[in-house]
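Going by the order they are written in, the chains are A, B, C, D and E; count residues from 1 in each one.
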């Protein structure tokens, strides 16, 4: 569990740089629902203030449970939780300065848009004028001020998402929690709203804790990502760290790497794997990870292959998928298969069954344990 | 409306090569629901036997209407329809040798899996032994023979899809129609089932008419794609043809090209566009299309830029998205923006606001009318 | 305050639960379960010389119910049960036959007309059941056009009316319960998946096959819910047989009522009531089972 | 689609036939209430004499008053009790409350006649012993509430089950304490179900005859009981007149309901 | 409303002069609430089911008095509160059903006969044949009463036995006769005496069992509708009844109840009652004030008819159970 020192993705403008302090500090969080449903199995985590922080993991890994503990909707069985400097482990939800954007938004159907956005202020007993004013300002910021009089069922999915966001933001919480706010949307809307969410976070400089099970989404949006698995944190880091230096096979597979192989043997000159030998000097490890981008595909008898030196893998095209801008080949080599991507920059294609050679830059090869 | 002479993607094995004859011939199909809802506005189409043929288009363009006419579930207002050599325009659905896999599968909840698969055979009056036998064989082929006794509500989405497929295939139709059979599934399952469907089609050599509104899906799966728009066919061709040589801006945009620009002026040495000039000899046309893959991104002062010659576009990074294997940049140039993709092969990244140069291979630039 | 979403329990949660449900539970237990239990206990008491229950406990009332009385064995009670069952089945069947196409028709009507159409079906049941019976008494009495027509057709003897009669009872039951079948059927028709009809046709089914496999199975949950709402109250119906039947061919409800409201034999009446409840429960269990077997989700049924 | 027209025609015919079936009995009641003679075979002339008789009769006016009191009081009580019951069942649905459902189904499935007689025998015994459960408006209200409340509870419960459970979390997350949650979320959200429950209770009360009949006392005659005993005394046009007034009230209620539905529909927009 | 007290009167329908109620209300500044029944079994059931503590005055017929006393449903009268007891005619002073009028005071008396439509049944004899003989009425709807003993008595008389027949064989024979009659096509319904008159007027039935006074009352009220309706006292014998006033055991206002009974015992009030209902009065002192109509048939049967009139026997125990089972049987088949 490495905690990175600085984000790799820089923010939009200078004054919104993530603050150095910690917004949320979790220690030894444990939560179980009955004997065999352990949702959180001891979570330690520091979430830097002002960052876009993502909890990523497969379904049932404990993402929602963690978020609910932070929001105060559930009390953990063990462990402590600080928001800023304050220990809020036993503080009720409605007394925490944290707000949530729920998965399907959980907007109040009996209130109009303005009523929804102003709900938190109303509960805090603000007067009508203040509420109207702040609702108006927040709505304008999120660009939904023209919708304030609408009923919830008159809104589109994207509009609802914005209302849910405004309803949380208007309270100026220390931390905004977002539980898969995009998972119910179709692909087009989803990628538009990803961008919008990111821009809003950048402009406000507020800490966002974002939950998703989609690694692509996590990568596009986050300053930091924590990968969860079975109630534990597998790795924390920037998207690039997770993609390029996964700490273990679980993270590697979850980040979409198909070419992960157990190392059978290792000696001074290289490794033996399922697809054959790999020459070079590698650290002692269990697995080797070869990202598709570090390989190029060539005809078996192409001149580049001869000049490429040691690290060439020979194989046969088993399958190929045309994806417009690129072609995805599945190549059978040794006892296994590798996936390699070729961009369609005018060169020819390889037929299924054709013999090919994959040329690899050894510097891009990653070894990992676990 | 060009009809390609041969598929570019070759099939798995020799004997499943698409047959040269035409499975379905549509002429002048017209269908309206009331005065202003014209679903099919005159469709002429030949679907080659044995091909995986996809109808692609935005919602409401008439895909389902066309499929229903082929299935015989609706009768067209005008036009003719041949399946093989037979004119079936006025033949009732249950007398056509065509079967459909419906969007949400439309499985019969009151029958178990075996009952569903055997339904068509039962309606055709086959005896029990024949039905059992053929259901068993088809189920084995689709690898759901272990599910035969299950109730439909005990199946997962992917299993349902296979049952729906088996229910249609067991009748050995001349043509199998599939109406967005994958659109209800989540991304992971979807791409697995895409492959599976493709393999089944290849093994059977049957004509598949597949409907989708997802260009990625269409590209991955199809021998030929027909792009529909407002009840008309905009273009028919192989995926590569559509992607690389779209017939008009509608097709280009629908195939996911962001870099499409109107041509302002044209002279002997090049074109003037929104982002600036483009040198080279181009045919007279309205639009120019620059696919992201034909550009490479460089620092404004990089040596490659100086040596690249004329076709260099200077701009400034406006936005960038980290996608693991690649980085997607939006670059502001002239009065517009271009999208360019850089694969993450170890080189550095460009910060937002950085000045960059896009180097282009002019041979990849496409011009089009409309 | 217990969390509406959480499954955690504790003393405060228990207090919260009791605060909410206790009034309702106590009300029903004290004012319905206790009376019902008392009534059931009456069934096992001795009939006093003027019809009131007395100790000791005996089976006498059930013996009488089984047909054993001062006259030896008599099938009279079987007549009553048989008549009640026939009327129930007949009325339910007729209601289905009428409600099924009507519910379908409403579900296919333009969306803005549907609330009006449903309301038109339901409104008569907002009046009191006694008033609905009066209407039929007016229409079916001797000398009315309908009665004269029936007499002319030879369906009834001349000078007689269609009311009072078993026919009037059946008609009254159908009229009374029609809305209770239309509503659940409408609900299933409204979300009918027409793709299943297409699928059946696509797979070679003709009109009947498309209905049998594409429509009927989808509507079964509504059909069963409607049957529960119609058959069970029809089986226990009192007002309509009493008013439209002329009191000459008793049904179970009247048989029970008379033991308390006229003939005075409380234990016998209570025993008959017990049988009614058991028959109702049995019917409900059977229908629920059937519903589950036929794939309706549990929520559809009562 | 083009061939379905015979089917459509048949269905339309059936629909109109059904309307005749549904409304003919009511129409006949209305028409005969204006008949100047007491006969169901002949309609001799139009007259208001039965209405005059009606408004002159104290008993009928008292019965109308009793009906209104019974319906309104029982419906309000049942709505309060049923709403609490439905919400309690929902809020604690994680517990084993299956038995509660049977308690709620019991009044729904119990035949009216058994229901009424059970309460008659019970209350009359209780009254003989305690003098407090004398049959009358009180016992009628008690009886009505006992069968109305379960329906209200089911309506409220099904409304709650249809809600996103995260809405409750959203309340806490937006700083509402338990009371604020009840006041600003639960009650307003349940309002349509509560209103519907109240009207359902009202219709059930108005439709009931049997249970009222067996739990009524000398001074608690309601319109249906009055009409029933009038029928037992031989049907008369006066009864048609009372019935006509009740039908008129119901039709007015229906019109109002419909107007509300359309207004709501319009508000929710297309 | 607003009055000092309320008297709950539970009586046959169409059996009271509203003016008398008004007078009583006025004299004692009370309200009178009336409830009605159409038959003795109905009254008895209501009384058993809580009525005994809700009504102040009831008006049962002679044959139900012993069982009301037996079951403790009525209380002994406090004769000190009944100043006009002496007005009762001698014939009614010590009746068999209630010796020395310890529990009851006679109200009115009359007989049960047949009313029928002379247009539809022009040849009707003064006999139960109107109801029981298909040859007399083969086509027109007709009704029987709902009280077992009333109907069985009629069947007994028709079968040649006395109207007040007793014994299981007699009752079984009567039940068979009723069953056979019920099975006839033109049997319409079981209707009580007062309601059946309205059914007759409306044309719903052509014949039914009813009471002499009610018949006369309706006929005089509405001569047009009743012009074709006649009343006969069957020659085979029929019921003579005396209706009496009694106070339920737990009547809420026994004092007022006594006042009410005594009020009706007053000569003029007794006469006013009979003048209104057309039933004979058991009140000797009332005689001078009675209308002429009450001195001849049908209100006052001829001496010859008198001979054929019988009280219905008071039953209890197994005999009562037997008759009731038989009656349930008749209605169930």
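Operating definition for what follows: a residue touches a chain if its C-beta (ideal position, glycine included) is under 8 Å from a C-beta of that chain, and two chains touch if they have at least 3 such contacts.
By chain, UniProt protein names: A, B = ABC transporter; C, D = ABC transporter permease.
As the structure is a prediction and not an experimental result, all values here were calculated from the model.
Visitor: Count how many hops through touching chains it takes, at the least, to reach subunit E starting from subunit D.
Guide: 1
Visitor: Compare the CA centroid of subunit A with every other chain's and tell me the farthest one.
Guide: Result for the farthest chain: E.
Visitor: Let me spell it out: compute each chain's centre from its C-alpha atoms, then which one is farthest from subunit B's centre?
Guide: Centre of mass proxy via C-alpha means gives E as farthest from subunit B.
Visitor: Which whole number of Å gives the spacing of the CA centres of subunit A and subunit C?
Guide: 58
Visitor: Per the centroid of Cα atoms for each chain, what is the distance between subunit A and subunit E, given in Å?
Guide: Chain centres of subunit A and subunit E, defined by C-alpha means, are spaced 92 Å apart.
Visitor: Go ahead and note the Å separation of the Cα centroids belonging to subunit C and subunit E.
Guide: 38
Visitor: Would you give the residues of subunit D that are in contact with at least 2 other chains, written as numbers and ranges?
Guide: Residues 40-41, 120-121, 123, 166, 169, 214, 235 of subunit D touch two or more partner chains.
Visitor: Show the residues in subunit C shared as contacts by 2 or more other chains, in ascending order.
Guide: Only 6-7, 141-143, 260 qualify.
Visitor: Could you pull out which subunit E residues touch subunit C in their complex?
Guide: 39, 41-42, 44-46, 48-49, 67, 70-71, 120, 139-141, 146, 148, 168, 172, 182, 185-190, 202-204, 206, 316-318, 320-322, 324-329, 331-333
Visitor: Which positions of subunit D touch subunit A when the two form their complex?
Guide: Touching subunit A from subunit D are residues 164, 166-167, 169-177, 180, 184-185, 188-189, 191, 267-269.
Visitor: Per the contact definition, I'd like the list of subunit C residues that touch subunit B in the complex.
Guide: 193, 195-196, 198-206, 209, 213-214, 217-218, 220, 294-295
Visitor: Flag every residue of subunit E that touches subunit D in the complex, lowest number first.
Guide: These residues of subunit E touch subunit D: 6, 8, 10, 13-14, 33-36, 38, 48-55, 191-192, 194-199, 201-204, 225, 250.
Visitor: Going by the contact rule set out above, which residues of subunit B touch subunit A in the complex?
Guide: That would be residues 9-10, 12, 187, 195, 215-216, 219-220, 239-240, 243, 255-256, 291-294, 319, 321-326, 341, 343-346, 351-352, 361, 363-364 of subunit B.
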